[in-house]
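Two complexes follow with chain A in common, the first pairing it with chain B and the second with chain C.
After this line comes the complex of A and B, so read on.
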């Protein structure tokens, strides 16, 4: 047997490395050109004043100062975004977990139900929002019709600046089919032996859920929480298609504010500053999640403390 | 064998590319516009006519959805790929003009017999920078069957309702499931079956009510914001109160560009205010026995005139685009497809001031309001000539910020009843003043 000398290994590796780079090149080019360069451009643009057609004027941190001191809608937008993210993330996780638990059991037509709950995720989003708009409509909507039928007064779901964010969060919860599928996969990975052992020891279903299922699912919950949080902090579609940020600033999410400031009011620098702040907020939340994760995530194979 | 097949296929794929590269020797220019399928077909017909009547220039259509029209044009401008000519959204005309994107068209109609009216000329600090392609005014549409059922006489074509009369008539035309009208004992605002009126609160149309009440949104030179005057504030509150207090209008908290659809077109509303283009775009498809009348007046009898501009952008084929736009915006070029269908009102004074001119469109049997020429003359011709004022974007810069962004968002709290117009206007007044100064 030939001993693999260092010379052999270099030649062996160089050919493989080159092949690897060639395969990776399209992805890397895409990543750099479509993600990193625009990101850096955006950071830079936030220090300028530009309306798209005219000259770019350097103004330093003026955009940020204006956002934090003189913009009447910024703090409202921030709170609305956080409220939406909170409600939709917590709502989706709880809802998806419950549905996944139900779908994990041997119910008749299980395949059909799995498809039904996953379906909202694959439907065209705009069509979904238009459909829900009619459900929520104050004058002719189904929900208000049912409420009035039972003797109540119409509720302003999308027409009240306090109710609009919870209403949109409800739609987001309904749309969380992808989380159900991931939870289902996680549930099926919980070793049956744990459950059987616990049953023998006299644990009831609730105990088993809290002491076995949830700890085994913590990595999945962490993943879903992270993905859901990052996505929902960047919410824009319901504002664009349904509420146009309204009523008032009830659904004036930060991404939507970014869009209107940059593209509708032709203030690209200002919009970029909002984007940078949103980026930092998401980074902070992600950092917190990761930093606290060791305290509550249980990985199989970890040594017990 | 396989290799040969592959080569043959590749060559076959290249053939169309070669054919395209040959070209037809003409200068190709693009014309951008917004609109739905009906308007696309109308525009295509006119372009076909132009392309067939000469062989130097070929015009290609570029349809862009209305909601993203200006953003798309700005993106093209940044990439240096603007179409050669196209419609420009009213509230971006001054923005484009000030940033040097538009070609100079001030002498397009010099010496021409048909001059566009002054009220539809865009002015940057007094200098004309463009002309609307047509004229549109705001009028009131009403459902004749609903008026007949309530035993109400139709609104008069030359004497508009006062605001109080308008509210009273609307109350008589509003009723709930039990047939009760607003103000009567037992009236249930939760169970209204028919509404008397819908005043379109799509933001730019709200300016007419400030003018009607003796106020204004901006000064004539576009340099001052006057929306915080008591008259302007009161006009907004009065429109909101139609739904909130008088219960004669449906609640419409987040306005859309769909006054007729939300109002008379839903077949649950008797009167609606909206633009004259609805005569061609909406009413032919709605099976409603409708009439037209001037807008109700608060203190002054006034309406707003507006329309998009067809502009020439600076570029390689500026001259060809200029010639095309001059041809395209003559009433003749769009006579069948846009004027006679009711989508456009003519833009030259000749069609309003001379009997001959008026009869060419209003008197044509294809015109949607030909059945009642007397009313048509009063509501479409005389109303334009005597009472129409230009919308604020004809002379005020940055209306895409003031109207579409600031006012649109802020007024929603007024429409929902959460805040009063006075609170909201006073809060956003500094933002509005600053917006019209931005360069």
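After this line comes the complex of A and C, so read on.
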């Protein structure tokens, strides 16, 4: 039947086409007006010098040249963004995988535990950052109290340019409850029979984890990796709310740099150039992920549509 | 490994295995409880701080429970933190935006899942492709479009974009769910004389209700936390959302951590309430999202 419909009956019904376009009209407007046209506009704007009011002056690649050769903060911003993204992506994937593995066992009050680990994700993120700022406080914060209790010296979590990125990444890990739920769903989808068969063959838990669980989970790991990479490379909220980019370039994320250059210093062309570079970075990372995915993602034969 | 006799080999491992399994289970449970306590502790600490005076907060060593439960901190904070107004403003943005996103995403997802038309593949690729485009990249041009229209400092820039399909991810999610609805139902309805829109409303929507709720909830969280858009478009104080209000409140009460923690806790409330309402759907829906990738 399906073969028939596909091969011989591709005559599009007029009513159906019309219904489809009506249904898709909002989405198409969205794609055109708030995604693809602004993208092109961004690329174009990055070639101009513009303060938002006066005349736009075409300057070719000057914005980019200035970024790479003269802007003292650009490389700092780039490194900070990459460091933050790496730490928070790796941290949250490992953290949520461990929690999901634990929750996948027969534990009492599983719903309650799941709720506990998910809760940070639903809290308003700005309030979360404020709360953590207090926990990170140099003199009166909880963490420094615990460190001093164990004989350490106080750490300037948010006030030193080297510590601020890892500290913010820690908050990102704490916030990654949605990954747990997705991992958990994936784990429940791993066929029990595989584990049972391996157990009969004498594989221990460690081997079963690496040879069955992980391979079966690779599509989900890929998805979580991709999505959290794209989100974390676009980090801006902690800088907007807590650190204002400092100290130094410790939290001067690329998005924050874009925001301040464009909306505070009114260098819109320059800001657009940063946006384009950010876009390219994300494109490269997604490209790498997709290119390598064939090598490490395991698809069950019967799952293909 | 020791050598077993045939009998031991039969009995031994089974017994020890169940015992070992039990120990492992208990260890896992303990680990889980410890981790849960660690994860919850920041929230507890914030709450505990909101019930203390600044003097108590700055004491050393810090008290793990408030010496006196100063609930009066809350009415005190509410005097300078216009919580209800900010919450009202936030909801004015969120409710229409979430509704718009759910409705238009459902329409789009339905069309992609069920209807046949020329250019569907191309459109779908464009749609999924936009999922990977960083939204930051479009920020500046869109801002200028809104400011040309004179709508900066209104809520329109924060609401209207969500009436455009509610984001590629949500369209995709709805599409995956619609695909799980048996086609026979559509066909039966067609025979009964239903058009495409009636099928959508009377067959598809009831079947994918939980997915629509998930889209709504995820959208809610996303918008709730979208500080960047709010900072960009809203600069007038009387239009502030909860997030902006909290941000400015912190700025003006620099060292009054007791009040800041009160305001923080107050901002947690809608999140928690909303989570308790939606929890069932969250889990159900996200479980399905995970499956479908």
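In this section, the second predicted complex is superposed on the first by the 289 of 305 C-alpha atoms of A that agree within 3 Å, B and C clash if a C-alpha of one lies under 4 Å from a C-alpha of the other, contacts with A are read in each partner's own complex, and residues count from 1 in each chain.
The definition used in the following text is that contacts are C-beta pairs under 8 Å (C-beta built on N, C-alpha and C of every residue); 3 or more make two chains touch, one makes a residue touch a chain.
Nothing here was measured: the structure is a model prediction, and the numbers come from that model.
**Q** Looking at the overlay, what does A:245 touch: chain B (first), chain C (second), both, or neither?
**A** first
**Q** Determine, under the contact definition given at the top, whether A:138 touches first (chain B), second (chain C), both, or neither.
**A** After superposition on chain A, A:138 lies in contact with chain B alone.
**Q** Quick check on the superposed pair: does A:161 touch chain B, chain C, both, or neither? Answer first, second, both or neither.
**A** In the superposition, A:161 contacts chain B only.
**Q** Give the label of whichever partner, chain B or chain C, reaches more residues of chain A.
**A** Answer, by number of touched residues of chain A: C.
**Q** May I ask you to decide whether A:192 touches chain B, chain C, both, or neither, giving the answer as first, second, both or neither?
**A** neither
**Q** Identify the partner contact of A:263: answer first if only chain B is touched, second if only chain C is, both if each is, neither if none is.
**A** In the superposed model, A:263 contacts both chain B and chain C.
**Q** Between chain B (first) and chain C (second), which does A:294 come into contact with in this model arrangement: first, second, both, or neither?
**A** Neither partner.
**Q** Is there a shared patch on chain A that both chain B and chain C touch, and which residues make it up?
**A** On chain A, the overlap between the chain B and chain C contacts is residues 52, 139, 263.
**Q** Could you please specify the touching residues of chain B with respect to chain A in the complex?
**A** 70-71, 74, 77-78, 95-96, 99-101, 190-191, 250-251, 253-254, 400-401, 404-405, 408-410, 412-413, 415-416, 418-419, 427-428, 431, 439
**Q** Which part of chain A faces chain B closely enough to touch in the complex?
**A** 51-54, 72-73, 138-139, 148, 153-154, 156, 158-161, 243-249, 252, 260, 263-266
**Q** Which residues of chain A touch chain C in their complex?
**A** 10, 12-13, 15-17, 19-24, 26-31, 33-39, 41-42, 45, 52, 99, 102-103, 105-108, 113-127, 130-132, 134-135, 137, 139-140, 142, 145, 149, 174, 178, 181-186, 188-189, 205, 219-220, 223, 226, 230, 233-234, 236-237, 240-241, 255, 258-259, 262-263, 268, 271-272, 275-276, 278-279, 282-283, 286
**Q** Under the definition above, what is the set of chain C residues touching chain A in their complex?
**A** Where chain C meets chain A, its residues are 24-25, 28-29, 31-32, 35-36, 39-43, 45-46, 49, 57-58, 60-62, 104-105, 107-108, 110-112, 115-118, 120, 123, 126-127, 130, 132-145, 161, 163-165, 168, 171, 195-197, 200, 221, 224-225, 227-228, 231-232, 242-243, 246-247, 250, 257, 260-261, 263-265, 267-268, 270-272, 274-275, 279, 282-283, 286-291, 293.
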